[in-house]
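Both complexes below contain subunit A, partnered by subunit B and then by subunit C.
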Partner chain A sequence: MIAALRVARAAAELQFREVAVSGFLLFGALVQPFFIGVMTMFMLRHRPDFDPVYVVVGAALSGLWSVLLFAGTSAISHERSLGTLELVVASPASFFVLYGGKIAGTLAFSLVSVVFSYAIGAWLFRYPITVADPVGFALSLLFALVALWATGMLFAPLGILWRAVGQFLGVLEYPIYSLSGFLFPVLLLPVWTLPVSYALPPYWAAVALHASARGEFDLPALARVWAVLLVTAVLLMLVSSRLFLAVLYRARRAGSLALT
Partner chain B sequence: MRLFLVTAHYTFRALFHWLRPVPYLVNRLLFPLVQLTFFALVGQYGGSQSLSFYLVGNAIGVATLSTFGVSQAVADERWQGTLSYILAAPAPRVPIFFGRAAYHVVDGMLNMAGAFALAILVFGLRVPLEGVAGLVLSMLVATVALCGVGLLLGAVAYIFLDAILLANWAMFILLLLTGMNIPLSELPPFAAAIGEALPLTRSIAAARLYATGAPLDAGFALLAADLAIGAGYAVAGYFVFGWLETRSRIQGRLEGV
Partner chain C sequence: MNAIELHDIHRIFRTTTGTIRRHRKDVVALDGLSLEVPEGELFGLLGPNGAGKTTTIKILTTLLIPTSGTGMVLGFDVVREAKHIRKRIGFVFGGERGLYYRLSGADNLRYFAELYGVAPREIGPRVVELLGLVGLTDRADERVEGYSRGMKQRLHLARTLLHRPRVLFLDEPTIGLDPIGARELRKIVTDLHAEGTTIVLTTHYLFEADAMCQRIGVIDHGHLVALGTPSELKSNVTDLGVVELEVFGVDPAAIERLRGLDFVDSVVVEQRDLRQLVRVQTQLAEQAVAPLLAALRGSQIGRVAVREATLEDAYVRLVGRVE
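And then the complex of A and B:
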């Protein structure tokens, strides 16, 4: 267990260092939430019930999601392009734990979008940004990160096992913003899309963070959302662990450690 | 002319890795539609403008994707190892440089047609019959003008290396400052002034006129101005490319780095 944690920590640290200097992921974590935050602030501020905290949380979620999506879907293929996948596949360390650490490192980096989105609302637009339930918000963020991490773990092997699926995953940025209600309520969408929203961890992450930031839920209501986030995370982990095994099996059985 | 057509054909095919349909469908058809849907729904929720304001703005805004393809052409030449051959070739530069954008104009029109089809079929956008010709003209001008931006970015990508990042910056600046989602009158004066200097601003304004059934000549001045701005960007790109090419020859760095 300790050895596994050591592997995960080393992978997370290395991944954090790598993504922190990646121009594309810096763009996803800082520049894109900036533009989305500014645009939606302008677009939503005429609403009678406008709350800048809603936009700040939504823009932060968009940054978290974009970084996770791009780093998660390319986690294995990036390793392959660097020529290090053979070493990873042949290593005695757990493939799943290693990528778990990498995705955790990516998520840790993507947290800058939360800080940056706060700065957009508070400094650029000079709105008073106050979180109504700070403890609830902090816990919601923690549960949200766990569920998003599990989602990233699902994406990482998908693109390798089915390349056509991998190409479609890259387009999931705006659909998830929409289906998860990051910046507008999902009730604006057609009714048939609601079950899809309910099945998505980012939707529950948005519910928890929006509600705790605005003080809309009491503790039992928030706890129910956290429970859903945990359950979806566990389910996704179970599926992704099978998929990681399938990737490993294919790499070793075919004798092509780089999965080419 | 032959050189122009050959350049246009091969740079477009190479961009989609020899035209496998999946990357093309994902990057050029699906992505703009989901982006349009997102901004239209945010706009509808905000309620400060009519839904058609966001639908028309974002359907024309789909043309921003043309900047990706055109600017990536130079970057891809480098990755595929063909940039030094182009720089060493005695072929005239005008058809080679401007040929990169040719297919993207047609492709951009197709993407916008898809976006308008979505806006009409899913969101119920109504376009009066008398406005259709003007709308098609706005689409053409928008995509031609944005190819000009793409050519400038492609030239800059010769030394900046990351063309995709440049195009992403351009796309978000265009989304914010051209009136696609926010009326220019609501932006701070300096931001509105930048918006006025960008292509697309007037094409979107003209398209909104035509979408309300305005006669064809109502948007001519706007479209002519957008075309002139786009041409300005393209010519600037040509001169930047020429300057960088000369510099790389003098310094013996044909890959540009």
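And then the complex of A and C:
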């Protein structure tokens, strides 16, 4: 267990150092939440029910998700292009644990989106950005990271099988925003999409963050959301752990680990 | 005990050709390869490009699954017991890739030490020791992107030694290195072998295999065509002598004339800058010089030398061609 944690920590640290100097991911973490935050503020600020905290939380979640999606899905192709994918696969470390560390490192970096989104609301638009339930919000943010981590882990193994998968998974950026209700309630979407939203851990993360920021839920209600979030995250993690084993076996059979 | 056992290994790669009408094509990389390497041996694997050397190494390092046949490393099955093998082996693939360029050499080693489960208190001293071994102590904290090719190769070797592997696979480790860098790397490898590490080395440099390896296996078209000590392989060509002719602008027709001479065993032409080195294997080396020069009439001849056959000549006779 300790050895696995050491592998995860080393992978997280390496990934953090890689993404922190990537111009493209800095764009995802800073510029994208900036545009989304500023545009949404302008679109909604004249409405009587306008809540700047809702926009700040939504923009922050969009930044977290964008960085995770692009850095997470491109991590394997990046390893491939460096020629290190074979080396890490042929090491005794569990690739699932190693990749989990990489996703965690990506998420740690993407937290700058949260700070930046707060700055847009508080400093650029000069709204009083106050969180009604700070403890609930902090815990919700922690669980949101777990939810996003589990979602990233589900998509990552596909990069082992298909070299161009990052380009295709990029199209998931906006559907997940919408289906998870980052910036507007999912009740605005067609009814048939609701089961998909409920199956996504990021949806429950958005519910918990929005509700705790606005003080809408008491602790038992918030705890129920966290519980559903964790259950969906664990389910995704179980699926992804099986997927990792299956795709690694398939890649060894196809001889595709070294292909660039 | 055998460190490595391969029994009737076949490996087929499926590729597709065509853009609109795609056709599947099977490429046979290994065609019934069987091989045993005892523990503690420095074994050389030779063969032309595409012969199956790298495929063999990748199967033994658990990166590829054979289409059929069985492979064992230190008694563990390469398909079902990959995890046990990975703890006990190290490998280096030739070339510069396989390092994190934005990290320093020392950080690369620290990262891989974590992946290989080196005890935390041992990581620091082991990294320092290995950087010293490969002569990178002074550059340890510089980013790898600024390293020369030779430095990267040496860092690869240090990386693979972190967990003290019992079996080491080196796939063309000296490729692209300058003569001094290659000599230093060979010295490290022979020292490791002297300490008891089993080493499997693939190389295109036959003098390297001759000087370093206890036994050599020659692979061609996916199966073993020769196996023995360098002396045993060379004994296959004791009947041969070699005439080397340095020619400027050799005519293809002249080469065909050489090949047509009844006392000529084989002819290999090597391009060297503006000149060609024509290497003729024959059983009548001394007497052959005059007829060979006559066959090359019209070409500008430089140096002519007659020598005994080497491992390279044995190799050429075995695989029938040269890279």
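Following the convention adopted for this analysis, the second predicted complex is superposed on the first by the 242 of 260 C-alpha atoms of A that agree within 3 Å, B and C clash if a C-alpha of one lies under 4 Å from a C-alpha of the other, contacts with A are read in each partner's own complex, and residues count from 1 in each chain.
The rule is simple: a residue touches a chain if its C-beta (ideal position, glycine included) is under 8 Å from a C-beta of that chain, and two chains touch if they have at least 3 such contacts.
Keep in mind that what you see is a predicted model, and the values were worked out from it rather than measured.
Engineer: With everything superposed onto subunit A, say whether subunit B and subunit C fit together or clash.
Structural biologist: Here the two partners, once superposed via subunit A, fit next to each other without clashing.
Engineer: With the two complexes superposed on chain A, say which partner A:242 touches: subunit B (first), subunit C (second), both, or neither.
Structural biologist: The answer is neither, since A:242 touches no partner chain.
Engineer: Calculate the angle at subunit A, using C-alpha centres, between the directions toward subunit B and subunit C; round to the nearest 10 degrees.
Structural biologist: It is 90 degrees after superposition, to the nearest 10.
Engineer: Does the superposition put A:38 against subunit B (first), subunit C (second), both, or neither?
Structural biologist: Once the two structures are laid over each other on A, A:38 reaches subunit B alone.
Engineer: Could you tell me if A:6 is touching subunit B, subunit C, both of them or neither one (first, second, both, neither)?
Structural biologist: In the superposition, A:6 touches subunit C alone.
Engineer: Between subunit B (first) and subunit C (second), which does A:17 come into contact with in this model arrangement: first, second, both, or neither?
Structural biologist: A:17 contacts subunit C only, not subunit B.
Engineer: Just subunit B (first), just subunit C (second), both, or neither: which does A:92 touch?
Structural biologist: A:92 contacts subunit C only, not subunit B.
Engineer: Please state the minimum Cα-Cα separation between subunit B and subunit C in the superposed model, rounded to the nearest whole Å.
Structural biologist: Taking the overlay as described at the top, subunit B lies 10 Å from subunit C at its nearest C-alpha.
Engineer: Any idea which subunit B residues touch subunit A in the complex?
Structural biologist: Spelled out, the residues of subunit B in touch with subunit A are 22-23, 26, 30-31, 34-35, 37-39, 41-48, 162, 164-165, 168-169, 172-173, 175-176, 181-182, 186-187.
Engineer: Quick one: which bits of subunit C touch subunit A in the complex? Just the residue numbers, please.
Structural biologist: Within the complex, subunit C contacts subunit A at residues 13, 58, 61-65, 83, 86-87, 91, 93, 95, 97-103, 110-112, 114-117, 120, 159.
Engineer: With touch defined as at the start, can you tell me which subunit A residues reach subunit B in the complex?
Structural biologist: Where subunit A meets subunit B, its residues are 23-24, 27, 31-32, 35, 38-40, 42-47, 164, 167-168, 170-171, 173-175, 177-178, 183-185, 188-189.
Engineer: If we count contacts the way the header does, which residues on subunit A are in touch with subunit C in the complex?
Structural biologist: Those in contact with subunit C are residues 3, 6-7, 9-10, 14, 17-18, 21, 82-84, 86-93, 98, 249, 252-253, 255, 257-258.
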